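First chain written, first letter: the chains are A, B, C and D, and each begins at residue 1.
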Amino acid sequence: MADFLDVRDLSVGFVTENGTARVLDHVSFSMRQGEIMGLVGESGCGKTTLARAILGVLPDNAEIGSGTMGFDGADLLARDTSDLRGRLITFIPQDPFGSFSPLFTVGDQIGELMRWKSPERMPGERRYAASRRRADHARVLAALRDVQLPDAERLLRKYPHELSGGQRQRVMIAMALLPEPKLVIADEPTTALDVTIQAQILKLLRRLASERNASVLFTTHDLGTAWEICDRVTVMYAGQEAETAEVGDFFARPRHPYTGMLLASLPTQGAALRGIPGDVPSPFTPPPGCRFHPRCPRATELCRQTHNETAEPAPGHHVRCHHPQVWPAS
Amino acid sequence: MSILEVSGLHRHFPIRNIWGRRTGWLRALDGVSFGIAKGEILGVVGESGCGKSTLGKTIAGIHTPSGGRVDFEGNEIATLTPSAGRALRRNLQYCYQDPGASLDPRWKIGRSLEEPLIVHTDMPKAERMERVQATLRAVGLPERHLDLYPHEISGGQQRRVGLARILMLRPSLVILDEPTSGLDVSVQAVVLNLLLELRQEFDLTYMFISHDLSVVRLFCQRIAVMYLGRVVEIGTTEDVFAAPAHPYTRSLLSAVPIIGGRRIVDTFALEGEPPSPGAIPSGCRFRTRCSFADAKCAAEDPADRVLADGRLVACHYAEKLETSA
Amino acid sequence: MKTFRRLLRDRALVIGVTLVTLLVLAAIFAAPLSNFPSHVTGFDPSQRLKPPGETFWLGTDRMGADIYSRLLFGARLTILISVTATAVAVLIGVPIGLLAGYYERWFSDLLMRVSDVFLAVPQIVLAIAIAQTLGPAIQNVILALSATYWPFWARLVYAETRSLRNEVFIEAAVAMGASPLRIMVLHVVPSIASSIIVRTTIGMGATILAAASLGFLGLGAPPPTPEWGRMIAESREFLPQAWWYATAPGIAILLVVMGFNLLGDGLRDVLDPRIRRGS
Amino acid sequence: MRLLVLALRRCLWMPPTLLGLTLIVFTVSHIIPADPARVLAGENAPIEQVEALRRKFGLDKPLPQQFVSYVADVVQGNMGVSLYTQRPVADDLVERLPATFELALFAMGLAILLGLPLGVVSALMRNSVLDHAVRLVTIAGLATAAFWLAILLQLLFSMELNLTPVQGRIDGWGPDPITGFYTVDALIRGDVDTFFSALRYLALPMMTLAIPAMATIVRFTRAGVLNVMSSNFVFYQAAMGLPRRVVIWKYILRSALIGTLTQIGLVFGNLLAGAVVVETVYSWPGLGTYAYNSILQSDYNAIMGFTLFTGSVFIAMNLLVDIAQAVLDPRGR
């Protein structure tokens, strides 16, 4: 099955007063139709930048150094994607509260989305015909019921500040699925939620994604969440995609040293706590070659000098490392 | 001998209507009782709105309690005037989620560390500086940091200075409010190790408030689970994680992802969201979401009961619940 | 060195600093700089209403006095009034705002209600009423302006202190046992100092405008002391022939007030880099 | 319902504030000057006349009693008699009110009509040539003395280009009042010539008052829009590909307006204050000229009446702004 989203050799830098932050370094990354792809990594690893690059909403001072982004037959980088956004690719934010305008009701804001992005809208349509408005309204009510929100009609009349965190995130999921997108980009959607609410949202997202056969790119810094909901997982480190694998393989037989050490420092492991010595490199002065080499026990001269190509030591298991043996056998 | 005994602690915030008249109470702490033994690490867990931070701040004297007793090292400190309370609370320090944020950005680090000694002791200057340097070394920072401003050092180093400031008065009990939340996994491990070292070196007792159950499981010896302003279960970490007695604790633990283990997307059952602390249900506060609730739960708010294995639980049917996870 | 370079790059600040320095220099060296220092009180009717030329760079007024020299000496008055009035307003307003903001008790509301009442009356109107009853004199202008401007600082300091009150490092200082006075003096004041400085700089500009308006209405310093506002009032009779008579003092006021406003804006960014640029 | 209660609560604050205002005005007129009676009678009035005045106005009674009687008078609308016009001050104020309000409303309208869009556009096109031009004009606008600007405009438009009259409010006698607003009355009567004549007179004073007001509005709108543009919901709407114009003119503008609204209340207050100076330059027969003349004559009661009146208008204005804000911002409800 052809890869449905194919990011190749993508480099992104942010031009600032004190130099350019090279946040993404020749990242290649792909997703298959209908799967939930995890994009994990610690803060500052570039996962949010990658997600926003796909969405086409990088800030003005962003500079795309290299790379192509094939999606549904077109190169996202080459064209203005505002017609795709909200239609074929939709977005679920981390902070549901801030993503609503406080001055309009929930109904107004969902209505606004449907006006421009409803699957029934003809491209270039100017007038919002009453018939389409009614059909969209029915869709909205169905979608809200689908995300287990009782009394949808009354909810539409409420203002965002009258909803709880969990309710708002459910509305966000409904809004992301209403345009019947091919790809949903969820940027840390459960990070701001309590653990019992997070569990409900993950369960809901998993069910809806499979029912609608929509692919989901799910970014998170919490490896537990990735284990819960993702089919495949990619871990990022300092702007490089260190390792990608099926979720079982990824957690059981990690091959990239960073993945291994990261998993080892998880509190759930019970063993004595071991952090990862050293600090994450600054994007302004990234180390040459593999960016993990200053902290890597396996680092050799090769890692320090040459660009780390992605190898596939096992089927479907990609590791961007010169020594991709299974961890911890160093 | 327990260093801290809390009994029936209440803290209510008034709810005012548009006319400014009080129409009800936000019962953030609704009768909390527990004790902490010397040298122990007690974990206090629960979701947002359960009152765990309010509990920490009320014990530390930042909030004045609406009722109940707090005995710290033998002295009753809940009902004292702020100034009298402050003297007795010298040995009890409260550590904010980001200890670095408790530093005045316009003060040099040395001065921030010296302040507690100036306020509480009449140590001469030389002795103060000597203790400042010793404590700074204890948290693993070089002496030259004394002349720097907080924004001139990294977030991690600021966190260490914040901890050093708390240790200046050589407290015996430190209340840690969510010290690891928002931190990346690798940084979390570094912070927890530092806390353990400091506990060793300064013979500290910790009250560890957190919503992250996997960290609490690793770090604490005993755990108190809070829901809507009350402690619903207290027990040793092994017992609570092995066989949770209270239905809420059970749901809470079943919501924690276990890498390599069962997936909550298949097993998790709890529905709905906790009611607001301003409108706590009658009887048992968890009954609106508990699958075992019956008429008795609706009528009577269960008192704290001690089970056979010494565990404390606030549920009428704790023993009879079948052990299904 | 880096901050100095950043300062230079900030055009608003540079222009502001130059204009304000020019004002100060003009005031200090009014005598040597001016062509006709005697014209501060003396005059020469034979030179009445001369247009700008070599001798009278900015022309002469109805009494034949050199406008350029009178403007220089007027600068002294402008600085005297704006500095003293603003200083008095700050000395009254800041403590009130600090006390009202730090303590959340009955008197903080009372203090704020009182400052609301003062704010309810447009400044210039109350200043007129006060200046008029006390008669035209510099100290009355200063009293009138400071009496009506202190609420601006009370309001500003109240808001800043109230928002600072729930900052973590203040709550930590309280929890640690520092006394309220110690916290106010050692923590609160230094933290809000930068916004007070910014507000004071901009306030100077506003005070100069108000002082000029009082002068224009004849409530400022009595003649013959050179006062920019009154010079413009005098010029009205002789328009449009003596166009320079009205324009010169007006431009002086414009440049000086602009100087203070730009200085204020520039300082806001320099003193408090946390506030995102471009506001 | 909540909104009504909110407004009512704010109204409750009005009487005490007004009382406070009266106290200030009373202090200024009765306590500060050494001998109010002497000031009232005038410098060279004989002693007997001063004594008569002292008894007449009860200035010999203890101060608190004087204050109570002063408040009692004011409440009944009796603000004493104006020395200058020999008529009750209250009547003078009410008679001259429409002229000032017509001028103020036109100036405010112009300031908002130009200020808001300019503020939004200069925020959207940040650091463009337009943005810098607007900021320069704004800073100059805020630094210009209103009375000087008035004289300059007179110099340019009236005297040099004589497009507009130098002073006054209308040719000959104004239309007999229905609302007291010349432009409105002219329109009601369909009398086009008077309408345009009134407009020609309004032009310069309106612009003089509008420019500083507009400068303030541009400044706050620009800051408001910039602030809102960095908020999460603007990013979310961009991520969902909503048309840029919808995001700007519907969502961003409305949020930015909330902040600007409070400033508009302040700006209107300063506009009223500015009228004192600007009306005198254009000898516009409004409250401003009345206040100016009463200053020249040191006509006590008139000055105090004017101060009290403008203060109450200002307080009412702030109340209106608060209510409008509660209407616009559902979180307040």
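As a working rule, contacts are C-beta pairs under 8 Å (C-beta built on N, C-alpha and C of every residue); 3 or more make two chains touch, one makes a residue touch a chain.
Given the structure is predicted, the values throughout are model-derived calculations rather than measurements.
Starting at chain A, figure out the least number of steps needed to reach chain C through touching chains.
2
Of the pairs A-D and C-D, which shows more C-beta pairs in contact?
Contact tally favours C-D.
With chain centres set to the mean of the C-alpha atoms, which chain is at the far end from chain B?
For chain B, the chain whose C-alpha mean is farthest off is D.
Quick check: how many Å separate the C-alpha centres of chain A and chain D?
From the centre of chain A to the centre of chain D is 54 Å.
Quick check: how many Å separate the C-alpha centres of chain C and chain D?
For chain C versus chain D, the centre distance works out to 22 Å.
From the C-alpha centre of chain A to that of chain B, how far is it in Å?
Chain A and chain B have C-alpha centres separated by 33 Å.
What residues in chain C touch two or more of the other chains?
Within chain C, no residue contacts more than one other chain.
Over in the complex, which chain C residues touch chain D? Could you list them?
Touching chain D: residues 113-114, 116-118, 120-126, 128-130, 132-134, 205, 209, 212-213, 216-219, 229, 232-233, 235-236, 239-240, 243, 246-247, 249-250, 253-255, 257-258, 261-262, 265, 276, 278-279 of chain C.
Show me the residue ranges of chain B that touch chain A in the complex, using the header's touch definition.
Per the touch definition, chain B meets chain A at residues 47-48, 154, 184-190, 192-193, 211-215, 217-219, 251-252, 254-260, 263-265, 268, 270-271, 273.
Tell me, which parts of chain D touch chain A in their complex?
For this pair, the touching residues of chain D are 231-233, 235-236, 238-243, 246, 250-251, 254-255, 258, 328-331.
In the complex of these two chains, what residues of chain D are touching chain C?
13, 16-17, 20-21, 24-25, 28-29, 32-33, 39, 126-127, 139-140, 142-149, 151-152, 154-155, 159-160, 223, 226-227, 230, 269-270, 272-274, 276-277, 280-281, 291-292, 295-296, 298, 303-304, 306-307, 310-311, 314-315, 318
Can you list the chain C residues touching chain B in their complex?
Residues of chain C touching chain B: 168-169, 171-179, 182, 187, 190-191.
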